[in-house]
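Quick heads-up: structures coming right below.
Two complexes follow with subunit A in common, the first pairing it with subunit B and the second with subunit C.
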Partner chain A sequence: MKLQPKEHDGIVTLHLQGKLMGGPDADVFRGTIYDLIEQGKKKIIVDLRSVNWVNSTGIGILTSAFTTLRKNGGDLKLIHVSEKIQSILYVTKLNLIFECFDSEEEAITSFE
Partner chain B sequence: MATAPFLASFYFACGVIIFFLAVTILRHSGRDVVNWSTALVLFFAGFGPILGAMGVFLEQNIREGTYLFKSLVGSFDYIWEFFFPALLLLALVHPVRHGLWRYIRNWSFLLFIPHLFHLVFIIFIIDQVNLDNLLRDIAGVNTSSGFLTSFLQSTSGLLDVFLGMLFRAHTKFFSFVNIAYAGFSMLLLGRALKMELSPRIKRQLRIVIGGLGLCIVTYSLAMVVPIFMGQELPENRANVLINAALIIGGGSIAFAIVRHQFLDMKLIARRGIIYAAAAAVFASIYLLIIRKVTGFFYQYSGTQVQVLETGFIILFIIAFQPMLGRLEEWAERVLTHENRSPRLRMRDLLNGLLSMVDVESIRERVKEEMGDVFSVGRVELVLDDDIRTSKEHVKDCDEVLKVLYQIDEPISRRDFLQSMGYKTGRGGLVPFRGGGSRMEKIDSATPCVKWFSGYNLIAPIIHDEACIGVLLIGDQSQNRRYSSEELSLIDMLTTQISATLAKIDLLKEVVEKKVLEEELNIARAIQLNLLPSAPPVLEEYEISALSISSKQVGGDYYDFIHRDDHVAVAVADVSGKGVPASLLMASLQASLRSNMDRMEDPVGVVSTLNNVMCESTAPDKFATLFYGCLDMKHDSFHFSNAGHVFPALIRDGGKIDILDYSGLILGVQPDFGYEARELKFHPGDTLVVLTDGVTEAETADGELFGEDRLYDMLKSLRGQSAFGVKEDIVQTIKDFTHPKGFSDDLTILILKRKE
Partner chain C sequence: MTERIVLEFPSEYSYLNMVDLLCGEIMADMNFTREAKNEISISVIEACTNAMEHGNQCCPEMNVRTVFEKLPDRLLVEVFDYGRGFDFKEYMQHIPDPSDIHKLRGRGIFIMNSMMDVLSFEMLPDGGMKVILEKMIQNNDGKNN
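Then we have the complex of A and B:
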């Protein structure tokens, strides 16, 4: 999985691709999040535009990234969340936790 | 000529020793090109003096005997000249294969062509001379044809003169070819000497080069100098010089080999005695028995029975090898004082190492046996790990191991220090390092050099193009010399140690894999124990449940608890797999069961579990949970949901109700406000609680089973028993994912009110 991190005013956007269902991709994602925290970058936007499916493991990965960031004084926001994923977030009620936006700009301004 | 017998015996003795060494090398390991070219050199070097001795002998005793025989020996005399091309061949392959060798390896016989031609030419001339004499004799006897006689005489006279001239010119100038061969060989060996790292081979090369130099000088004195001086040496004097040259040349190589190579003088001597004894036994059998037997047959049948003799010789050839082996073993047992020779004990040690599986026992066994076999007090087996763990030594050890890898054979302390750049003094003492004005005492040597140089012999253990350790033998103060045989035994031992260590590494890997598998089995056992063994048998309700793991250990969990009129059901999906997941599952189950005093309060149960998960688990551990409690008296079902896939209720009429309430998954946010919902069970109503393994079941093409298919399937299951519904779902998923099979865990819990 290529995450293509982009940085804008200390806010990092990660572009996820494919299915978020655990396995080695999950490790890459988790590793990237921990690396960013270590570098002091705690405001992270995850772009789910190219993610077509998330299973329980994927939800776990996102949630874990979220809680880790929160504990370190940061935040994680989602953009371009597909309906399918939104339904999962709805079932798990993670929609109450994750802030979702339609565009990167909105997400960036929400950090301010 | 009072010196002649002495000279003949000297030639003969030297020749036989060198010749014999050649045969032994060939027998020992003749396949390697270095070995057979060495054998070839020694063979021809030995051949010369033997023929020389025979020449002197013939001159002495058969002066008036057959001219023909002498000239025949004379013509074979030139065979020794093959010494020179053989030498060049050796120089091309030893101590390293020369670049040229690649091109000529299949054409190496070409090196011998000039000499072959030379030999043929000489034999041709000599034969001509013989023929000439013969003709003259015939002409002398038979006087009936005067014309023929005079023709023959005049022709042979002319031929004689012509060939004689050619012969002289050829023999004289061919010596230049020989010197060119020898010179080129020396050049190659000299170059090799410069590049060689191993002090042992360096010394060996120095001896060979020195010997060859002397050989060329002596040979030149015999053959070349007289040409320039314009006068010929007397034949016997030239012969003495040539034989001396051969003995020096061959002898230096033989000495270098015996002194610094793979063969041991003791071994050669022992073998020699055994071979001689065996030959004597066979000869006496032949003389005493076979001759008598054939004689006996002759007496009665009147014909010689050659078959018997031939048969005996064939039998002899067949029996020779194994018999020699037996004889050798027998001689070893009888002749050596110890019960068992070092060689046999070493063989046992090597065999013993084969079955060892841990480094410590190898260390102990090697120490014990080596100390015994070679009677040395101190033996140490130092391995890579030992070096890494000993702080003081680690720094320079890599460098030392690299040098030892280059050397790749057991070396003495002195050679070791020399290779590490220390100057060696007399008697093996090594006081200083470096050159010029800067002198450094050995005390200030790097720790690793100091450590290793505390021993007499340093044997590197090589594996996979690296030196992975060393075997250190004998205290430095002992200053013991090791014979070539002992060195080759030690070399064999280090090779075996290396192989055994590699085997141990492989074994470790296998064991680790086994341990991991075992761990997974334990996790699986924990998990299976957590799942209730059988559903409760109820009057009006049926419960059926199943959990299938795609891998050995999954993350799914279900439970049901029956108390009086109440049955609680729970289905959870824990994040992660393996042992951590099953431990999380165990704590979830414990929390759930400890909260069953308020089983009718789903919000209380789920909230408590959420708080437990938030407090006591790692940040990346979560679980989804569906929990509900059935009141069988009132047929009402209270439930709450923490992020679990919405369950479905199949109404008796075929309508499907989705239980679409859910709160946050467990373990994310403490004190999350979960809610409870209630539903009524009518006869025939079936509650289906699944994990996402069902909706996410995938075909090989990546198509998901999905919710639509699920609901369609559920509709068709109306009217079946709880067990039947469960079985049908599993079968449908199996069919759907065939031939790929499940990729996720699959858990199903069915609760049905009987119709």
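Then we have the complex of A and C:
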């Protein structure tokens, strides 16, 4: 998994690329979230447009980031969620937890 | 005639992409809806991830074996690992809440159970575990063939 951050008015968009699953991905993602929190950046958008597929561990990585950010007064929102990822979120009822948007602009506006 | 496709690969995450692609190819001429194809693909990846992580303890020298059987009314997939197995009967009775946001893991079996028509586990006599996944092909009226 590749991860590319981009900042816009204190809101950071993390563009993920590849697969979101267990193994080293969890450490990379967790490390990035902690670094951003330390820098005071707690409003995060995760762009899943280029994520080919995700497994349950990948979903766990997202929920872990979500809870870490919420505990620190921040939030995490998802954009460009594929059909496959949507069906996992739906079946696990995590669609009730994660806010998903079709575009980065919509997600940015939702933080206001 | 039943078509049978077998893929065996080391317990490394990079091979899961191959499994995903193979799933897509196998289902291409089967009369599943796009939603059903997604559900099968997701479930097979989950079963393989479990086999690698919990069965083979992520040991690359230990293989995961997948067997796909294209039947007239359904797709049958068997996933084998060579680990010590686990008490699946006990686990199935107490499946953790998948919406618990404090859990990093533990959603895989719930996802497979929700998305497939049949999910079962068998301990193998020589060690290891076999996971059996089945998805029925449905008619336009939503009934199984």
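Descriptive notes on the structure:
As a convention for this text, the second predicted complex is superposed on the first by the 111 of 112 C-alpha atoms of A that agree within 3 Å, B and C clash if a C-alpha of one lies under 4 Å from a C-alpha of the other, contacts with A are read in each partner's own complex, and residues count from 1 in each chain.
Everything below uses one rule, namely that a residue touches a chain if its C-beta (ideal position, glycine included) is under 8 Å from a C-beta of that chain, and two chains touch if they have at least 3 such contacts.
Everything numeric in this text was worked out from a predicted model, so none of it was measured.
With the C-alpha superposition on subunit A as described, subunit C and subunit B clash in the combined arrangement.
In the superposition on chain A, A:Val91 makes contact with both subunit B and subunit C. With both structures placed on the common chain, the touch criterion links A:Thr68 to subunit B but leaves subunit C unconnected.
Residue contacts after overlaying the shared chain place A:Glu83 against subunit C, while subunit B stays out of touching range. When both complexes are overlaid on chain A, the residue A:Asn52 reaches subunit C alone and has no touch with subunit B.
Counted by residues of subunit A touched, the larger count belongs to C, out of subunit B and subunit C. Stretch 616-624 of subunit B is the one among 202-210, 400-408, 616-624 or 670-678 that clashes with subunit C after the shared chain A is superposed. Counting contacts by the rule stated earlier, residues 53, 55-57, 59-61, 63-64, 66-67, 91-94, 96-97 of subunit A appear in both its interface with subunit B and its interface with subunit C. In the complex of the two chains, the subunit A residues touching subunit C come out as 19, 21-23, 26, 52-53, 55-57, 59-61, 63-64, 66-67, 83-84, 87-88, 91-94, 96-97.
Residues of subunit B touching subunit A in their complex: 573, 575-576, 619-620, 622, 624, 643-646, 662-665, 668-669, 672, 691-692, 696, 704, 744. Contact residues of subunit A toward subunit B in the complex are 30, 53, 55-57, 59-61, 63-64, 66-68, 71, 90-94, 96-97. Across the interface of their complex, subunit A is touched by residues 13, 16-17, 20, 34-35, 38-39, 41-42, 45-46, 49, 53, 58, 98-99, 101-108, 110-111, 114-115 of subunit C.
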